[in-house]
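In what comes next, chain A is part of two complexes: it sits with chain B in the first one and with chain C in the second one.
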Partner chain A sequence: MDKEKEIVITSRIRLARNLKNYKFPTKMTDEEANSIITNANDVINGSGLNFSLSYMKDLTELAKNVLIEKHLISPALAENKNEGAYLLSPDNKISIMINEEDHFRIQTIGSGMCLKECWDTSNKIDDILEEKLEYAFDRHLGYITSCPTNIGTGMRASVMLHLPALSITNQIDRLLYGVCQLGVAVRGVYGEGTKSMGYLYQISNQGTLGASEETLIEKITQIVMQIVEKEKNIREQLKNNNVDELEDEIYRAYGLLTNARSMSTDEAMKLISYLKLGKEIGMMESVQNKDLYELMIKIQPNNILSFANKEISVKERDVKRAELIRNELSS
Partner chain B sequence: MLCNECGKNEAKVHVTHIVNGKKTENHLCEECAKKSQSIFNSNFSMENLFSAMLNNAFSGATYLSSKGCSTCGMTYEQFRNTGKFGCSNCIETFKPKLMPVVKNMQGYDTHVGKIPKRAGGSYKVQKDIEKLREELKQMIDQEEYEKAAELRDKIRDMESNI
Partner chain C sequence: MDKEKEIVITSRIRLARNLKNYKFPTKMTDEEANSIITNANDVINGSGLNFSLSYMKDLTELAKNVLIEKHLISPALAENKNEGAYLLSPDNKISIMINEEDHFRIQTIGSGMCLKECWDTSNKIDDILEEKLEYAFDRHLGYITSCPTNIGTGMRASVMLHLPALSITNQIDRLLYGVCQLGVAVRGVYGEGTKSMGYLYQISNQGTLGASEETLIEKITQIVMQIVEKEKNIREQLKNNNVDELEDEIYRAYGLLTNARSMSTDEAMKLISYLKLGKEIGMMESVQNKDLYELMIKIQPNNILSFANKEISVKERDVKRAELIRNELSS
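Coming up: the complex of A and B.
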């Protein structure tokens, strides 16, 4: 398997756009909000794309939270008091959030390192919308987004990385601090603030004005490639110098995952992370065909609730989680 | 005294934060102190920086009491507090004080990326022509005369349409 694809989990391009003749989400009326949703739906589905439209008000709290855990919508869209909605492509790779912080947030996600392809797709969707709907655009400041932190290209290019070797050898903080000096933002993917559960990190551009989309993408790509190299090197080092210790950790993780009867999200994320590392450095034969990143999503709290299909306590969720993991790893 | 974070170990590190004039003290054990220095606990982000700069720039009683955006009613105070535009005309209203903040935060003050086809209008065509002219120069340098001729024709076409 392509080594790079194992470390780079997903790439994402998000474009923020607003329409010129409607008030922005901070000030818009429900009428305007609904009008925008209808217009977007008409334009997108009128152009032959078969996107499904979902209104936030029609979704349960659980459904919204599951979508957030799957990275299909943002917490902001779920919490919005405005009339919000989203359009989703059949393959779930392209989503358009409507009336989140901006009128439109066009997002394309791809597996592995593929920012260019994601940009091409988001770009096309952007063109389709703009052809029929008038955008708020300024010659000097570019696309007018609600927040000046997004103005200009309105583009956020992010890459999700799995960096277990750097994390467990305590080199991650120093590396990421260095990376931040280059105008790039880093945050943990799951968990609050300090946590980076599962050793998953998201790297994205900070600035959005003054550089072309291609330049920003190139910059992020270069930085990510350097981080990937570092992770690969540390994995080699671990294999050569600490193989016994590492093997022990990995097999213990496997032991717990295949046998425990109750497990918290925290613990599961850490253990699956070790298992994934083990698989990628050639240690775990039995899980070679398993998608361990998918498993990381499946065990998130709301996904488990959804899987259980009824109201259950945190303790019962932990039991269900362990059950799901045992089933996934044994099949 | 015990650590504020974990409540288990003795607090050996005493951290004082002064944010916006408010002082808070945190007493941590060595382990928790190390963790809190992690990059993920850092309050530095573009959003926080923008918020701080905006507060600085948009200050002064006379300024704050003046009329805001005539299209959506967004006042200077509201904009300072939320940091978000209410409509596409807010930019013109707040531009004078906002531009230095944007330039500082973003590092630049001019857009050089994608230009929308409709909203960009003739400006977009102009920019596209500029790009093609660059390419034309390159083709000539590389002695790719056929490609250069194609580009030259394309440029002529676009110019005649403006």
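Coming up: the complex of A and C.
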């Protein structure tokens, strides 16, 4: 399972839920929105859990963007003109976004391939809320959601994959196209649109209707494991047939990351991705104890701004990013 | 003078001489060629000097190419179909090429700006030869040479300059064009034609007629010192106005040189050139004790082949080059 954890970075289960007696977030009043926030907070923290509540209106743009880069909240919640808020578990693994597109988005994130565990956790939180609050639910359709694509289970199962070997051998596009035919959605992570940064991809289910949560999770898991197998095979092939070129690329990445004095997000993501590959195929002893995915999050633009702790230009940000990377890799 | 030594890498004085009673090398027989070699060797080593004699025919192509890359012999001598040879001083600073384009090419190389010292040395060797052998000399024209451009003093004074600051700020072409107008020749070193590798340029006199050696040397020296001033000024400007970009480039060069597993000559020359600039403007403490110009010679293709000590492909050569650079910079 270790190898899979390297390729499968995170698993995520998100449940979309709405309350019966309230309008959807796009239509509701601020009073309704606040009432939902209060109710959710009371139910969750009244159940013995210890989640922290944060209101979007209390956060700076920077703080919101940092949370987005950390995948703790969605861009939609940050942009929401209505009263938005979120409840966060002490370990940051469970978040309940309130008044995003739906009244609730219950999200659990875990490391590696753990959709079932995430589903169990999200399901428990869901049960706690459902016990006290009346959901919009239809016997035939299932959970009613703001967007029809989420109706049914209201569940989205997502897996974030790091696929450098498939990417640098130009096999990724064909593979992902094939995967899309199987009814799953693929998108780049951190990139604009479907563009990927750092060879990170997110695979998630497209349909939420007509199958149980377990069936959907089983399907995604099978597809992901096939992609993981493919990535592993290409890594083996690269090691056997192109070891010199690969080693050169990986060491060059290390040389630049540990020496550059200025670096864009795009370049840093690519180089850290090479380093991560090098670490995982045993070519980079010196970074064996580094969490390189965590580093990928830390070097995102808003995380850098927050690290700098003051207003800085894009140029200064690139300098700070290079400094942070050097410190992280040398420490 | 320290700063000038950094920018002026080597000075060289070459004297073209021919013997009166022999045809020019392009026309002469092998017997004549061998007679000249024997005579020169007898005169030089009979005078108390201890020069080693090497025949071109005894050297492999690789050995000849290594000598060319070290600037000890010219490509013309290596290619000569006639009997070519050279006499070399124990410290490798003085070489007498025999039966190149002219019967003798007496060459002295020194570090930094030292044309006058090189002239003194070449002049002494010239005197030793002239005392015993009868030169082709005309009272009006001066020394008679195979190519009319060398007639007169038969002297070429050359200075090798390292001009990274002028190069990276795109001011080099205009400057060199201006310099050409002053009657001096400029060419890139190691590059094809006038292309420069590693921002190394060679400045030399074009005319050899109608002025004394001292006057020609004075003229070249003045022009070189002006270029050196210009390079120094741009370095100061870069440090004052573009320190971040410059530092980034220099540290990236260091990161790549100390980590890459494969590297072409062209890339290595460029990166070492940046490192040399970094060292000289005080940005690169870790290479303060390295002779980076020597490294530039060592990484030339034939020097790498000779270091590898067996037949290797271009790809393998790039791997060896990267290995050599890592070793040299880490030692």
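Everything that follows uses one rule, which is that the second predicted complex is superposed on the first by the 329 of 331 C-alpha atoms of A that agree within 3 Å, B and C clash if a C-alpha of one lies under 4 Å from a C-alpha of the other, contacts with A are read in each partner's own complex, and residues count from 1 in each chain.
In this section, a residue touches a chain if its C-beta (ideal position, glycine included) is under 8 Å from a C-beta of that chain, and two chains touch if they have at least 3 such contacts.
Quantities reported herein were computed from a predicted structural model and do not represent experimental measurements.
On the shared subunit chain A, the superposed partners chain B and chain C are arranged side by side without overlap.
Using the contact criterion defined above for the overlaid structures, shared-chain residue A:P90 touches neither chain B nor chain C, since it reaches no partner.
When the two structures are aligned on the shared chain, A:C180 is found in touch with chain B, with no touch to chain C.
Looking at the shared chain after the overlay, A:D127 reaches chain B, while chain C stays out of its contact range.
With both structures placed on the common chain, the touch criterion links A:R261 to chain C but leaves chain B unconnected.
When the two complexes are superposed, the chain touching more residues of chain A, out of chain B and chain C, is B. In the superposed model, A:D248 lies in contact with chain C only, and not with chain B. Rounded to the nearest 10, the angle made at the CA centre of chain A by the CA centres of chain B and chain C in the overlaid structures is 130 degrees. In the superposition on chain A, A:V319 contacts chain C only, with no contact to chain B. Touch criterion met: A:K23 reaches chain B, while chain C stays clear of it.
Of the two partner chains, neither chain B nor chain C is touched by A:P75. Remark: least CA distance from chain B to chain C after fitting both complexes onto chain A is 21 Å. Against chain A, in their complex, chain C makes its touches with residues 244-245, 247-248, 251-252, 254-262, 315, 319, 322.
Taken in their complex, chain A has these residues touching chain B: 18, 20-27, 101, 123, 126-127, 130-131, 134-149, 151-153, 155, 173, 176-177, 180, 183, 185-188, 193-196, 206-213. The touching residues of chain B, counted against chain A in their complex, run 35-41, 45-47, 50, 71-74, 82-88, 90-91, 98, 101-102, 105-120, 123.
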